[in-house]
Amino acid sequence: MDETDITFFKDGLRLDGRRADQLRPVKIEVGVLARADGSCYIEMGGNKVIAAVYGPREVHPRHLQEVSRAIVRYRYNMASFSVEERKRPGPDRRSYELSKVSREALEPVILTSFFPRSVIDVFVEVLQADAGTRTAGINAAAVALADAGIPMKSMISSCAAGKVADTIVLDPMKEEDNFGQADLPIAMTPNGDITLMQMDGGLTPDEFRRAVEMAMKGARDIYEIQRQALVNKYSQLTDPGHVEAVVQ
Amino acid sequence: MTNVISEIKKDFIYNLLLKGERADGRTFDQYREISIQRDVIRKAEGSALVKLGSSQVLVGVKMQPGEPFPDSPNRGVIITNAELVPLASPSFEPGPPNEVGIELARLVDRGVRESKAVDLEALCIVPGKQVWIVFIDVHILDDCGNILDAASLGAISALLCTKVPASKFGLGEDYILPIRDLPIATSAIEFNDVLMFDPGVDEEAIANTKLTIISTIEGNICGTQKSGTGMLKPEQVYRIIDIACEKAKEIREKFLEA
Amino acid sequence: MDETDITFFKDGLRLDGRRADQLRPVKIEVGVLARADGSCYIEMGGNKVIAAVYGPREVHPRHLQEVSRAIVRYRYNMASFSVEERKRPGPDRRSYELSKVSREALEPVILTSFFPRSVIDVFVEVLQADAGTRTAGINAAAVALADAGIPMKSMISSCAAGKVADTIVLDPMKEEDNFGQADLPIAMTPNGDITLMQMDGGLTPDEFRRAVEMAMKGARDIYEIQRQALVNKYSQLTDPGHVEAVVQ
Amino acid sequence: MTNVISEIKKDFIYNLLLKGERADGRTFDQYREISIQRDVIRKAEGSALVKLGSSQVLVGVKMQPGEPFPDSPNRGVIITNAELVPLASPSFEPGPPNEVGIELARLVDRGVRESKAVDLEALCIVPGKQVWIVFIDVHILDDCGNILDAASLGAISALLCTKVPASKFGLGEDYILPIRDLPIATSAIEFNDVLMFDPGVDEEAIANTKLTIISTIEGNICGTQKSGTGMLKPEQVYRIIDIACEKAKEIREKFLEA
Amino acid sequence: MTNVISEIKKDFIYNLLLKGERADGRTFDQYREISIQRDVIRKAEGSALVKLGSSQVLVGVKMQPGEPFPDSPNRGVIITNAELVPLASPSFEPGPPNEVGIELARLVDRGVRESKAVDLEALCIVPGKQVWIVFIDVHILDDCGNILDAASLGAISALLCTKVPASKFGLGEDYILPIRDLPIATSAIEFNDVLMFDPGVDEEAIANTKLTIISTIEGNICGTQKSGTGMLKPEQVYRIIDIACEKAKEIREKFLEA
Amino acid sequence: MDETDITFFKDGLRLDGRRADQLRPVKIEVGVLARADGSCYIEMGGNKVIAAVYGPREVHPRHLQEVSRAIVRYRYNMASFSVEERKRPGPDRRSYELSKVSREALEPVILTSFFPRSVIDVFVEVLQADAGTRTAGINAAAVALADAGIPMKSMISSCAAGKVADTIVLDPMKEEDNFGQADLPIAMTPNGDITLMQMDGGLTPDEFRRAVEMAMKGARDIYEIQRQALVNKYSQLTDPGHVEAVVQ
């Protein structure tokens, strides 16, 4: 990532008018798919991402079964038309890595021991990409897990911080991601336990701390939106017990 | 457990059919509610989200300059791909398209191609050297039955709002892709000599024969495909064609020519 | 498919001297392979196609097994040298589609419930292609199934009709296929039950009916040749029972 | 069931061998009947259907202009491929060539290449830019044993009737591909110190050592390959070579030089 | 049997950890013995064999001219690949890289790329046309734990002795690839609130959280990655960062700046 | 392989100073890998090859199991950087063939019937290639098998002979291999039972015999080095029984 002649700030505000510590608009809808056991659609800025959860269900092929717990699979996939230049269908090296770290971001809160020998499948489709698809995907996937009634220790919320023009900013958009100095996505529980942390670019140890703290603040804001989306869906239900359990 | 439920469902639908009814109260030639949202994906040159009852299909069109095929040096190229991603159905699996996905993509492609909806000659930039490549990417989001009709409708809807990104490639000003025909695919399943249009996913599960008819503005047929492991009498074929062309006309007038 | 300056008819006859409703020469040989359980070689015009049947036999991998019936697999494959420009070995999207519809053309007459948990494999190799390889393949495969002793409700016969220069023609050859206005292959039982129907190009509903009827007539003619080929092979046998059953 | 039959067959052949006999009455160095039909595929530049007893192998040769390899800018390119399609044997599976198919293709290729049967320099069109690519495609149709010898014989037979399609590519008149040598592969299996040439499929199943010798018109050896999980004494190797060169001479004179 | 032994091993290590000890007597932030042999592969432009305790990783660097990416026409290209060949561990399988191998390759790549260790502008030959492609190939030979740190150290070590093969391609005289930074990856696992650096393979098996920090000469952080299915408190992250930068400095001074 | 203007001999010696019947320097180290059950590193001239053996162990996938014996797998693989021009990672057609013949070179001496339903995996990585990687790989693999304690009827030793400038030479190096007239690699037991024999190029039957005999002489010399390497490793052990058995 190179700095270029781009002016990232004008009158103290970012290219899209945000303050340094401000999220892009977030919209979350729960239960948007009929076939999936749980699903969620999210918009974070220009990102449009949909997540579905299937399971717990039987594992194929069998030899992947674990005797004492459910395995979790996570498939991050970009639609061919989701990016500026058409992407060839199918997974590439980037999507394999993102699938791995996203799965590892969610697995710590899933009570996999409840479902030995089974699988919980999480499928994330990026329909439109605008920097931050992995965090959007994790946010949608966590809500979809709750919507599917998968028992979880807590919600997971994800957000990135970045560095542009030597300033730490929250939730970088495309231009800030492409030409910025660093990107640091995290995912965490409402308690602040970190389940995903990646970073690339260049940060001093002090900047690193400030970026982590800003990303955590963003994740907490997103958590409120996730919670509200689930409450909205389940508020009419007579027994919202498992939802409460999820978002405690 | 899932299988038991699905067996019960099948029996239920089967018994209804014997009484001449459908589970959701539709008549045999009635489509579920259709909605089309266009231009939903800003990064695509054209896009459409089609809902057919609970089935959801998103189609994106991307265009870029490229080389023509040697045997048609003055014509643009259409490449149609379908992703039956595992998000859309418990029966879809990750991996490269299987024969179901390939058949679906090829049928969507056939409708666009054989109806000559896109003027391929108009997509020539430099004869023999450079033409527009039109990628039609079908992304199935929720398979609640009859995704082929939805995908086909999504493809023509997305093409209708596709802007040729000429300026992006220094090839003049952007312009709307000219569309000359509006092919519509309509599918029916046969079961116990009953013909049912726009089958839901449970109806598809009990019938084993489907016939798809793709028809044009003129009321001509530009593509058909029988699928499934059953048989059809010629009279059944002709009956499906008659209704299919009528249904296609209704859908075309209501959603594409409005 | 575009019309070009090609003159498709001369003195009422087609480029190869046929009438509009005439088949190309057909030659069928039964039992041409030693290893296969059943086999058939067919020439339809310039097409040279060979089919083999193996089975009923064990299914690998196991998870494809069906508890109440045999599964049927059909693999349509073109030899690299079968076409004008060398084809890369291995299946392409076209051959996947043709394999699917060809399997679905034969499966309706195969008594799969006789052989639970097993597979009937049909392999079709196109050695030389000249328009109509899928119909030739189905015709050969149906005879190979009979030759393998697979119990069938009836024979399957396949033929295409086309439209060239606004005329409906039977069994289009290469030039008519490449530059014609429509192609409509069907497969059917001797009773006229249709098991394959595809079409591309442009036909009015009335032309469509005429094309279907012409293709059905062609299929009936082919059925006679299939039947004769089987009778020729099995006429010396003391107990031709299963052949009779097959072709009745 | 199949396996039981095949075990009985094996025992039968085994016991015959101990008596110095073969199941079909051949002597140990006798080939099954050979037939070669050339030019059977009109779409190929050259082709041959070889029958070796009941084994059937079809070889097609296609040619097209293409780029030379950087390290041999003035030489044509030979690409040999073998498809062990599942039609030919219950033990062949669909999919890309496995190690058996790859070994077979590479041995056929080695015979053609190392004997210098094709004058690669003569296949240069524009030095460093354009040369003829010769595709030798081996299609096994029926594996009743010793398909390697049949494939190798098919390849040289197809090359012998290959017409360079120069006119098709605007490169002058068509001409017969010049062939300078006639490599013949002859294979023997070893079992209980018996050496058997041209093994049938059941003989191959009981022996676990095979040696293939490819020899030229001059009686020289241009390729050998031991395969299988057994061992050979040097004396056995030399014995096989002597007979192999003799057999190759007979086959060459009878079928290729006639 | 293997599994029983490995369970016993795990218990042993677990119990040691509870006592604040490691199986091989190291302190929690102590690395195993490191050795680096450079230029071990004559055919590579640069190479290094890194031993980290019993873990062994061989990195080879190859360079060749090629086309730049369209969006960076004046910059060389780095392509990093890692082969977790089955020779190195009973848990590695043949086949294309899985997600573990891909993650490792991408992290090694990220260290080199984000630290700007290689001056990509200096690798431009003809702007927009020809640039140097730098292939960094990581070959894991023996996985006794923490192969990422070893691979990362191997990559920068191999780059440090890489000679640009200009003369081979007629592009002037060979010269040493200029290196501007020395990124070092240091990884720690968390277990029961104990942070252990440079985990051995058995330690990796019991902990389920790892954090890797890649730091530069300046002491800045150019890459981090949490892996595994556990969680980390922010304070744990900061603690790891402090120690990691210190450890990286020691390793850099001892092995790369010597 | 073409002859060129290269002078292969000077004063009766080869380009690297060897006599026609002389091996390149060979160095063998046993037990160089910690994770593998057996391992061996070999240098033969400029070749640097490492072999590992795992097993006998469980077979995956199951359907490859043999009820009466262990299966043997052999994977010959070249590192991308092992050759002049970078090789794409992963197996190519050449490596599939070499893996097959190398496996068949070792399997005759492995007592596979001792380990029904299991697999013995042999992995060979070529780190630097300089003509003769298959023979180097087999030599290393045979020692690694012994190091893994796999019961064997005897050692296997492998060496090639070639023909350059009409002279039969032992153990051809890169230039002799690239521009020579023939290459004949063999593998054998100490008793002279041949388990691998390949050849390409052109040899008269008489030259063939002389090449086989020269290659066998080379293999015998390599056998001594293999034996010594194993003795060196195991000489301190109190019970070197199985080593003795191996190299006897």
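Order of writing sets the chain letters: A, B, C, D, E and F. Residues in each chain are counted from 1.
FYI, contacts are C-beta pairs under 8 Å (C-beta built on N, C-alpha and C of every residue); 3 or more make two chains touch, one makes a residue touch a chain.
None of these values were measured; they are calculated from a predicted model.
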item	value
Distance-maximising chain from subunit B - centres being C-alpha averages	F
Angle, in degrees to the nearest 5, of the Cα rotation that carries subunit D onto subunit E	120
Greatest separation from subunit E - chain, by CA centre	C
Listed chain pair A-B, A-E or E-F that repeats interface B-C [over half of contact pairs the same by residue number]	A-E
Gap in Å, rounded to a whole number, between the CA centres of subunit D and subunit A	58
Separation of mean Cα positions, subunit D and subunit B [Å, integer]	48
Distance from subunit F to subunit A - Cα centre to Cα centre, in angstrom	51
Two or more partner chains touched - positions in subunit A	none
Residue numbers on subunit D that touch subunit F, as the complex places them	97-100, 102-103, 105-106, 110, 113-115, 211, 216, 219-234, 237-238, 241-242, 245
Subunit B contact footprint on subunit A (complex, rising order)	33-36, 39, 46, 48, 50-52, 54, 57, 75, 77, 79-86, 89-90, 121, 123-125, 127-129
Residues of subunit C that touch subunit B when the two form their complex	1, 93-94, 96-97, 99-101, 103-104, 107-108, 184, 189, 192-205, 208-209, 212-213, 216
Complex contacts: residues of subunit D adjacent to subunit C	2, 40-44, 47, 54, 56, 58, 60-62, 64, 81, 83, 85-90, 94, 96, 135, 137, 139, 141-144, 201
